[in-house]
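Presented sequentially are two complexes of chain A, the first with chain B as partner and the second with chain C.
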Partner chain A sequence: MHSFKLISTFIKINIQMAVAYRADTVVNILLNLMWLGWELLTLSIIFSNTQTISGWGFGELIALLGVFRLINTMMVALIWPNTEKFNQSIRDGSMDYTILQPVNSMFLVTFSRITIWRIWDLILAIVLITVGINISGDLVTPLSIAHFILLAFSGVVIIYSLWIVLIALTFWFTKFDNNVTILHALIDAGRYPSTVYPIWLQIIVTFLIPIAVATTVPLQALRGDLEGWRIIMFFAIGIASFIVASQVWKRGLKQYSGASS
Partner chain B sequence: MFNIFKRLWQVNWAEQWQYRANLAMYILYWLVSPIIYLSVWTSIATANGDVNGLTANDFITYYMILLIVDQLTSNIIIHIFGYKVQDGSLSGELIKPIHPMLTNTLVNDIAFKTLNMMLLIPIWIGLTLLFKPQFDSVSLGGIALAIPAIALGYAINFLLSGIITSLAFWTTRVYSIHEFYYALIMLFAGQFVPLQLMPAVIQNIARVLPFQLFMYLPIQIIQGNLSAQEITQGYVTGILWFIAALIGFRIVWRRGVKQYSAVGA
Partner chain C sequence: MSSESIIVEQLSKTYQVPEREGGFGAAVRGFFKRKYKDVKAVQEVNFKIEQGEIVGFLGPNGAGKTTTLKMLSGLLHPTGGTANVLGFTPWELKPDYLRSMTLVMGQRNRLAWDIPAADSYLLAQAIYRLSDDDYKKTYKELDELLELEPLMKKPVRNLSLGERMKVEIAAGLLHRPKVLFLDEPTIGLDISGQVKIREFLREYNKRTGATILLTSHYMADVTALCERIIIIHHGQLKYDGGIANLSRRIAPFKLIGVRLALSEDEGLGDSNGRDLSKYGDPVQNEEDAEKVYVRVKAEDVTKVTSRMLSELPIHDITIADPPIEDVIERAFNE
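Now for the complex of A and B:
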């Protein structure tokens, strides 16, 4: 309840910030549409040259683009602005004030900045997923939709947890302000089914920086490619990674000693 | 003049050398897209035998050469110059009797590029071991013929980016304009796919635009895929664009500096 109230306050503040820079918001939305056009063009070029790409059809890649955009929105609307603020607060010591608040500091650090106009991107993502699945003609059952939502959710949690671990490292290594670059650089790999990549890259995007777990895997569940035990496993990994991340965050906080000491 | 450049090089090299730790991250950004496209297209080519006559090896060599050519023809002047107009630190450079963009910024960009190449080349060799490209069609003559095209591509890209960065004299939204410019490069330079696989409309437009000199044209010359006539055509288009960009840059720059009044004025 408490967190819910806080989030709505954060959103209110961020709407005010977005309204203050109206023209920028409009320009950003136009650029975003331009990139969407580009992404659809690249898919149509691919499929004017082939029927499938490692077993996936046109509709399925549109749906994958939608899932990718979910994760990408999380990256640019949440991870990027909050990390910038967090790194700044470690450098100048304003992290002190965050810790003093009577709220979970991990929550405060990760949700205080939200690039609000990107919510439009989430709607677009859901449209892409729905349209894509329709085009693909895949047989979708209520159960497979439930699997999809479950794994998409745990994929988001896994990326969120990885983010927590990466920024928590800054408590130990103060100069490590490139902390989320590796996540940001590899995120583009989520645009295509991970089975397209050479095996070493598959290992990187599945185990090291698990972009594919948040993009390819939920759609595999929707297509019915995953056995039941795998679905349970990926969900369990989601929960486990969140627990690990919170522990790392707690340890990191103990390590933090302010900018002046 | 030579002494000025020598001195600028020492300063800018030292400046870029400080940031060598960030370089690994920058290179990582650099590598991801071409490797993704390489994987996508080789997987399609392997599954179908070929894509419009292009084999898996054609795609591997295309993107492997692209990694180098793209690095050579691109620039970062929007990042090393744009903010100077906005925060007023350009003033100090304007009173010097040398052109801020064509000397200091140029040398800084080349220093950055040199440092990048020092890291990129070992990684590139590592990647050739992973992807095993067969450079049968690549000849020394092709590389020699491509070098002027790469230089021309760098010069045109530098001047066009210079024009866009100079728009900072008028607007605070240069970064958005630059993003649009970047999208044009993605579309017409052959980064996503060799241009011959693009829709015919885009190919025809790309032929009269300068962007193909940034990637597609030099790569194809190196691969030995172009006839003498096509190469000549590419060079002529490039030289015309170079002249146009140079004139455009001079005009925009001169007007911009007149327009410029530093923060606090």
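Now for the complex of A and C:
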């Protein structure tokens, strides 16, 4: 409950910050409208030319695109701005104030900046997923949709955890501004289903980098391609990665408090 | 519960600081193999502070003041010793502890730049789970003391330094902390700004009974606010006690000031330019050109005074403690 209240306060504050400068606001609205147009155009080209890629059905592709967008939204709306703020707060010392708030610092670092312009991205992602599932038609059952949502959520958590680990490394190295460039490079590989790649790359993408888990696996669940134990496993990986990330974060804070002056 | 709100025992902090010489070769070597040097920032410091006390924490730059404040607020883990603030061990960062203390650092901003402070205050209200009534009540009190209202609607970036400090301090007090750690709360402010913050702190302490530990470079902050000071130098506690006693302990000197009578046969200039060094250390005096001061050991004051009275054409004579600034300066230089 308290978390929701905090997030809604953060959203309010971020809306105020977003509209603090008038010219900036106008430019942002125009830019985002252009982006949306460009995205829709790209999608319509895909819609009109493609039927299948490497055995994937059209509806599933659309849904995959939706999941990818969902993760992308998280990246753009939360991860980028908060990384920037985080790196800055380490440098100027305002991290000290964050640590001394009676609220989980990982939570504060995650939500204190929200790029509210990306709300349309979120809507687009949900529309794509819904449309994709609908096109797939008979292939999906309510149960497989539930699996899909569960695993999509789990995938988002995995990427989020990866991000937490990456920024927590800053506590050890003080200057590590490339932390998120690495993450970005990894995420981009998830834009296409991992079965498109050669086998060795699939292995890397599936096992070394859990990106495939976040985009492809939920889709497989949607198609009913995943056995029950795999679904449980992937979900467990999501939970485990969150626990690991929280632990790394805690250690990082301890390191920070041991070294800074 | 005892009436002590802060108890510090044998508190120590040693940093490991990477060390290398200048130059390219050293930089490359340092990349592969780091050498570390131990820096003892705080060494076995002990003190206790009663609830409701205002204590000035003094020391030159790098003495370990900020490190101590950071340990007491919970940001740093000590390498030795213990601290107890309001019954908590600060660095465990228990939410109940964080809700009952505040750290205000004059050189760091907690408020978002681009929006009015009022909006950041609402965030603080959410974070500290303050009910609307409590929040309004506290805000009203702070507003009375600091005249916040006119500053609330402007984005923080448009406030002057003094105004910003007011809203920053108020932001740190919205949750009614029982212990305040203030690191240079008046830094960079002009005299009237300093006075306002000072008056506020005194009044706030009187009203709420909060314990305040503050560091400041401005001696006036300390002399105006604190009856007790703690001096730390090279990480070690040098003095802990009343301001009045400090001069006796660290610099047992008195200042004898004399104004000499102008006799007929002596010229006007001579009387004040007279060499008084045989009585004690002459002290520069810029405020009053006609008055000459000598610094004399406390136990010799009577002797020297009577000698001066008999040997010099004294118009008036004063005996006073040296200004606190001088005393502390001497304490640092010891």
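One rule holds in what follows: the second predicted complex is superposed on the first by the 221 of 261 C-alpha atoms of A that agree within 3 Å, B and C clash if a C-alpha of one lies under 4 Å from a C-alpha of the other, contacts with A are read in each partner's own complex, and residues count from 1 in each chain.
The rule is simple: a residue touches a chain if its C-beta (ideal position, glycine included) is under 8 Å from a C-beta of that chain, and two chains touch if they have at least 3 such contacts.
Remember, predicted model here, so these are calculated numbers, not experimental data.
Participant: After superposition on the shared chain, which partner residues are touched by A:N49: those of chain B (first), chain C (second), both, or neither?
Facilitator: Once the two structures are laid over each other on A, A:N49 reaches chain B alone.
Participant: Which partner does A:W35 contact after superposing on A: first (chain B), second (chain C), both, neither?
Facilitator: first
Participant: Which residues of chain A are in contact with chain B in one complex and with chain C in the other?
Facilitator: Dual-contact residues (chain A): none.
Participant: Looking at the complex, which residues from chain A come into contact with chain C?
Facilitator: Contacts found on chain A: 2, 5-6, 9-10, 12-13, 16-17, 20-21, 92-94, 96-97, 99-103, 254, 257-261.
Participant: Using the touch definition from the top, list the residues of chain C that touch chain A in their complex.
Facilitator: 15-16, 41, 66-67, 70, 73-77, 91, 93, 95-96, 98-99, 103, 105, 108-110, 112, 114-115, 119-120, 122-123, 126-129, 155
Participant: Which of the residues in chain A end up touching chain B in this complex?
Facilitator: These residues of chain A touch chain B: 23-24, 27-28, 31, 34-35, 38, 41-42, 45-46, 48-50, 52-54, 178, 181-182, 184-186, 188-189, 191-192, 196-198, 200-201.
Participant: Quick check on the complex: what are the chain B residues that touch chain A?
Facilitator: It is residues 21-22, 25, 28-29, 32-33, 35-36, 39-40, 43-44, 47-48, 51-52, 130-131, 173, 176, 179-180, 183, 186-187, 192-193, 197-199 of chain B that touch chain A.
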